[in-house]
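Okay, so chain A shows up in both of these, paired with chain B first and chain C after.
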Partner chain A sequence: MAALCRVRHRWKRTNCIKLLTRNLTGTFDYDLVVIGGGSGGLACSKEAAQLGQKVAVLDYVEPSVKGTKWGIGGTCVNVGCIPKKLMHQAALLGTALKDAQKYGWQIPGPISHNWSTMAEAVQNHVRSLNWGHRVQLQDKEVKYLNIKGSLVDEHTVKGLTRTGKEIPGAVEHGITSDDIFWLKESPGKTLVVGASYVALECAGFLTGIGLDTTVMVRSIPLRGFDQQMAGLVTDYMEAYGTKFSWRSVPKSVDKLASGALQVTWTDKQTGKDQRDTFDSVLWAVGRAPETKTLSLEKVGVKLNEESGKILVAADESTSVPNIYAFGDIGEGRPELTPTAIKAGKLLARRLAGQTNELMNYDNVATTVFTPLEYGCVGLSEEEAESRHGKDSIEVYHAFYKPLEFTVAERDASQCYIKVVCKRGGDQRILGLHFTGPNAGEVTQGFAMGFQCGATLTHLMETVGIHPTCAEELTKVNVSKRSGLDATVTGC
Partner chain B sequence: MQWVKICRQSLSSTVNTTLTVALSRHKFIRRSMASDAITRFDFLVIGGGSGGLAGARRAAELGATAAVVESHKLGGTCVNVGCVPKKVMWNAAVHAEYLHDHSDYGFDGGHVHFSWETIKTKRDAYVSRLNHIYRNNLDKAKIETIQGHARFIDGPDPTVEVNGKKYTAPHILIATGGFPSVLSDNDVPGASLGITSDGFFELESLPKRSVIVGAGYIAVEMAGILSTLGSKTSIICRQTGVRTNPGRHIPFMYPTNTVFRGVACTRGGHKKACLILFTFPLQVLRNFDTLISSNCTKELQNSGIELWKNTQVKLVSKTSNGLLEVTLVTKDPEKKNEEEKIGTIQEVDCLLWAIGREPNTAGLNLSQMGVDIDERGFIVVDEFQNTTRQGVYAVGDVCGKALLTPVAIAAGRKLAHRLFDGKEDAKVDFSNIPTVVFSHPPIGTVGLTEEEAIKNRGKENVKSYKTSFTPMYHAITTRKTQCIMKLVCVGKEEKVVGLHMQGIGCDEMLQGFAVAIKMGATKADFDKTIAIHPTSSEEFVTMR
Partner chain C sequence: MSHYEEVKVHGYDEFSKAVSERKGKDIFAYFSGDKDAQGLSWCPDCVKGNIIILLRGEMFHLPEGSVFFYCQVGESWKDPNNEFKKTLKLSGVPTLIRYGTPQKLVEEECFKADLVRMMFTED
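Then we have the complex of A and B:
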């Protein structure tokens, strides 16, 4: 979430308002002002400073409805990737405890999980990252201002320390992913509303640390991802103990005298209402762009009216030439940390006249850190079909069993590989999908091969690494079209 | 039956080469028809391990009648005493590491106890399940399994005798693998009181005090497993000692003319047996990139493994309590005038020799057959797996290079395609073979080490990129391990010729990068790739 103005600014203090503006001689105090100290904004400002520019970063965290507040670093560091992966890691350790007993470890008594211990450790780590970011900014001589940026005109940014954000009068009983990582106490029995990757990841780690967790899905899980893979991810979660309430829409949430939340929802299949009580309700029904206080309309920065995101060109410029936007706030951009970082760095280099290189938003690999991780790069099977036609693609697939699952007697029905190729010729890879342990670590290298234009032959000509899960990708040889059994047998 | 099958095959074949092969086979079968005692196949494989089974199954798929001779259990080293049970034990050890971290992640558990017996039983059950699967796979493919020791016998055509019965085929594949080297009691008195990695898999309980002799990857893996599971472990490294067979531990092959730390590679990557004095720092895994060997040494020591450098075992004796006393001699070759130091390790219940592997060729009667072996006893093959005797081929560990399951499998399959599918050029490309050492944490490596790249291309043409960090997993644990990474690039275009790493997850990270490197990826290609956050592997695409 970063919007920037490439102008020279200066700021003066008027009560609680800080104003960055042009001084009387027409020169500016900053070459670049970055609004938003998240992954993209920080990467861009540090890069620009290194290239000799004078830079200021404005970052101010508006507390969530529940009052959760955090430091510099943006979504990724505070309420996204980092705490999410650590809690996912905790959940994996929960599974490891079960596996360990099959591996000969005798663990006496019941194992319980203490939310506070984990949350405190995670939060302390996040705080250390916040601090690290501040130190880095100082080292690189980027001015950090803990104020909320708002545009006055295309060359002036106003800083606010207090905003007029409306706190809804209605009592909100729910929390969001912004809050979950900062809870001091266990959320207890939780209803997660939504089936985005955020929803599934949260539900996954809550289940993994032993909490009764239900996911309420209105339509399909992991929209935009390959739907066969999405099905495997949720199948695994169901087997893992996460409950799913499919095709259901919440109707009301009432707080009972006991403090529990009574949720009423409609099952769209039967049309009937259902009811259950939860300790927490986590809303994960999408993320909204943080544009409200920027006063974008005042300076003429155009937004997509439906999504509320800023319209951006390939060079990240907005409808106002000296104002740029990238990261989650950019219309049509992937909401991913690494793309924001990379786009930010490239923008800084272009602004400093170092390069003309544009950010390439194709071939972006990603991993969903659900209990069974899912990594992918390129097109989903559906997308490949619609772009190239069913007859022009060949889909190779394999159901494999990770060696670590065998002794642990875990069901591997959802460990699956799918390589979508162009049919004929050298079978260029259009999309590559992998569910299994360590999917994130497995996928990165293949994403690189994909970036280099890998074909099926390239995969098959690479010697496997035995015994690993990743090697299964080099052994895939059964096409869906052949109808043959895709189960891997033996080495 | 044979006759009909071959005729049909030759008729249906449109490929000229297949036709000639089939016709010559046709002639051969007619000629030897007189002797009924000989059973005939199109393809006879000696050794039911990874390479042999893969070759036989692929040949059968391509229409050949095939048989596999196996004296022990199907699956070979990998399944029975190698990759598979090793990784199971490694997984058990990784759980021990997790157990240390559980409380940091909020799990409250009591005191845990490890039962070696449980994992041994389950591991054995899994391995025998695999043995059965392999047998079923052979049966399904209509490949005959012949149980027993194979021995070549004299005759105009290569023929094999197993339990008094004779078998022949126009194409015979030797895939007998290898076994761990042992020292005799003449070399080191009491040496036979020790075990090897084969014996490791027979241990019925966790040793209390382990001594591992060797500094190759097997030594590192065995020591890591034993130590992590709770055995007090020492590694005895001879270090600057003479190494006559550097190729034995080298999991990948080097291009012709590569100079390997003073050893000139001869034709096809076979290295001449030389006496080499290593002057590298005292470390394990000396054939790996120095970053890896130094880091692995550090990790071993950090995990509480005791490292005896410049040390050899002099004597092993059994004491009255049934335990071993290992007498060691330490001498730093740099300090010529210094006296040898004698040390002992007492109450040892596991002395494990991990000093290399040797080919399984005894009893095959190779010398009579005109199948050449090299100085180290490995079968000499060309790039197409041909031995020096026509119609006899060899794949896998018995050839002594790139002793890895997937390499043997690939070689077996390529050979089958060459022999029965008319693919004349089918052969394994030995460059850029990725390999993983299941140490704690695991090591991944592909391509050239920095030293090799410099020897190859000159220091001015080599640039390496390095990074080291604490993986995020450890952000909230008291126990820490490092992740180290290195890219070795050559030339102006910065082509990546080597990738080396050690850290949590490196075992699963390597494969995809190996694909890219094999495709000829440059540093710029790495830079162009978008990271996956948060992972350790993303560090490779964000290196500066």
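Then we have the complex of A and C:
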């Protein structure tokens, strides 16, 4: 997260609490102070420094209950995108090894996975990114402070050395995504509580590397995403060995003498309690904003009561004139690295008077890196229906089979494409959805077309690259309304 | 008597042996092109007077009990598959590394006293 302001400060040491107090001459010590050294904060501070501003960035990682800590770079670098994609790749390679035998590779003996080897390699890469950021900040003359920032007034930031920790529920026996990427030893048989993309992605790679994994879902998977696509994602995971406990709510977690964790949960459908033991319980029920110690209310920065996130305007400004917020911390903003980075850079440029351009949060493409990846841009079918009315939209779809799955004898039942269009005329594309291998790579190019206002006509006029999965998007022609079979046949 | 150990080595085998004899220690290493008797090198930057002065100036910041290697890479550097490139992943000289960590400074970065100090003092 990053809330920033023009501050004045002077270092003063009083009983180990560093106080950044007012400078009596009335000048500012920094043009910009960024609280939060994540995707948004780093991009903004480096850009501002390059534009000649005097910048400081504060980044502090409160250790998790398990004691996990990490370096600069924020969620994405340390406990999000980067380690996630690497572990997802580890799992995909496991599948590739199995497929390889069908393609003629002689692989002697059973294939097993060593968690420690993977974890060390992933953690080393993350550390090299931490170092890279440190060198860049130093090089660009951005002052980096490894302290927890708190607002004294709208122009003054102080550093805290002690902060209160909140430990909700049964977290003392569980871990979160903050910990999973930093474990030195395998988590073993794991229960993942939650059905967000974090939960599904983690459960996905844990299954992929051979661990007994169960996902506990209270209601629906991937809330906010197209639900038909979410169903395909979870269907694939179930077919590939991830267990799902649907409509279940955890009741208690007890540590047994053996060290194993016994979880009791309520099956909401039957009303009955169930019980099972696991080596690890991974809570993936949402990431809360770390704003308690910022003293935002004291300074007058308004929050959304329910989410605890900061209310922001289109230019990232808050209710306090010189304080801005962007990245995950902004209410209603996508929790994505690329939007945080772009918003941070544009803000730095606007503050330096270089541009008036605002961040465009529309048409942002994204991908869920579950075992069967899901990429999308634009509206879900439900959202398109609700905004335009079912009769005003046309949904084209196709079930396709990646060529590589054929020899590997892999089931492609969930490989699917859906293009949601405005009915009539050239049929403007409202949303594009793809499940299949390399979904991120496939979706990125189409996202540009979407940004340019692509229509179904444009899509049909585009010649596909053969043989690929992406080309199936250019060939889509069966509408849901027609009721015809949407399975792609032959070449 | 300084708070760190300084070791001069030549070539990969010597380096690797000296490192294995100092297991568990915080090891820093500066890799340079070879110097001849006149102090000249095929890598003039590596032996430039101010870089040595710069390093000496920052060594005060080295952690207690650490080891600082001054390693001349030797003739083997001409071979594109040499051990330094393969095993230590060195892309060029001069390079300053903190052994066993991803922390490294390459070429021009070695000439910045603040970056060198950052590496020596980082946890």
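Observations, loosely collected:
As a convention for this text, the second predicted complex is superposed on the first by the 470 of 491 C-alpha atoms of A that agree within 3 Å, B and C clash if a C-alpha of one lies under 4 Å from a C-alpha of the other, contacts with A are read in each partner's own complex, and residues count from 1 in each chain.
Throughout what follows, a residue touches a chain if its C-beta (ideal position, glycine included) is under 8 Å from a C-beta of that chain, and two chains touch if they have at least 3 such contacts.
Everything numeric in this text was worked out from a predicted model, so none of it was measured.
Residue contacts after overlaying the shared chain place A:Val442 against chain B, while chain C stays out of touching range.
When the two structures are aligned on the shared chain, A:Arg134 is found in touch with chain C, with no touch to chain B. Chain A has more of its residues touched by B than by the other of chain B and chain C. Look at A:Ser112: by the touch rule set out above, it reaches chain B but stays clear of chain C.
Contacts of A:Ala121 after superposition on the shared chain: chain B is touched, whereas chain C is not. Contacts of chain A with chain B, set against its contacts with chain C after fitting on chain A, overlap at residues 124-125.
Contact residues of chain A toward chain B in the complex are 76, 81-82, 85-86, 89-90, 93-94, 96-97, 99-100, 102-109, 111-119, 121-122, 124-125, 209, 336-339, 341-342, 360, 363-367, 375, 403-404, 406-407, 437-438, 440-449, 451-454, 458-459, 461-471, 473-474, 489-491. Within the complex formed with chain A, the residues of chain C that make contact are 101-105, 109, 112, 114-115, 118, 122. For chain A in complex with chain C, the touching residues are 124-125, 127-128, 130-131, 134-135, 138-139. Here chain B touches chain A in the complex through residues 50, 75, 78-79, 83-84, 87-88, 91-92, 95-96, 98-99, 101-119, 122-123, 126, 130, 133-134, 137, 404-407, 409-410, 428-429, 432-436, 444, 472-473, 475-476, 505-516, 518-521, 525-526, 528-538, 540-542, going by the rule given at the top.
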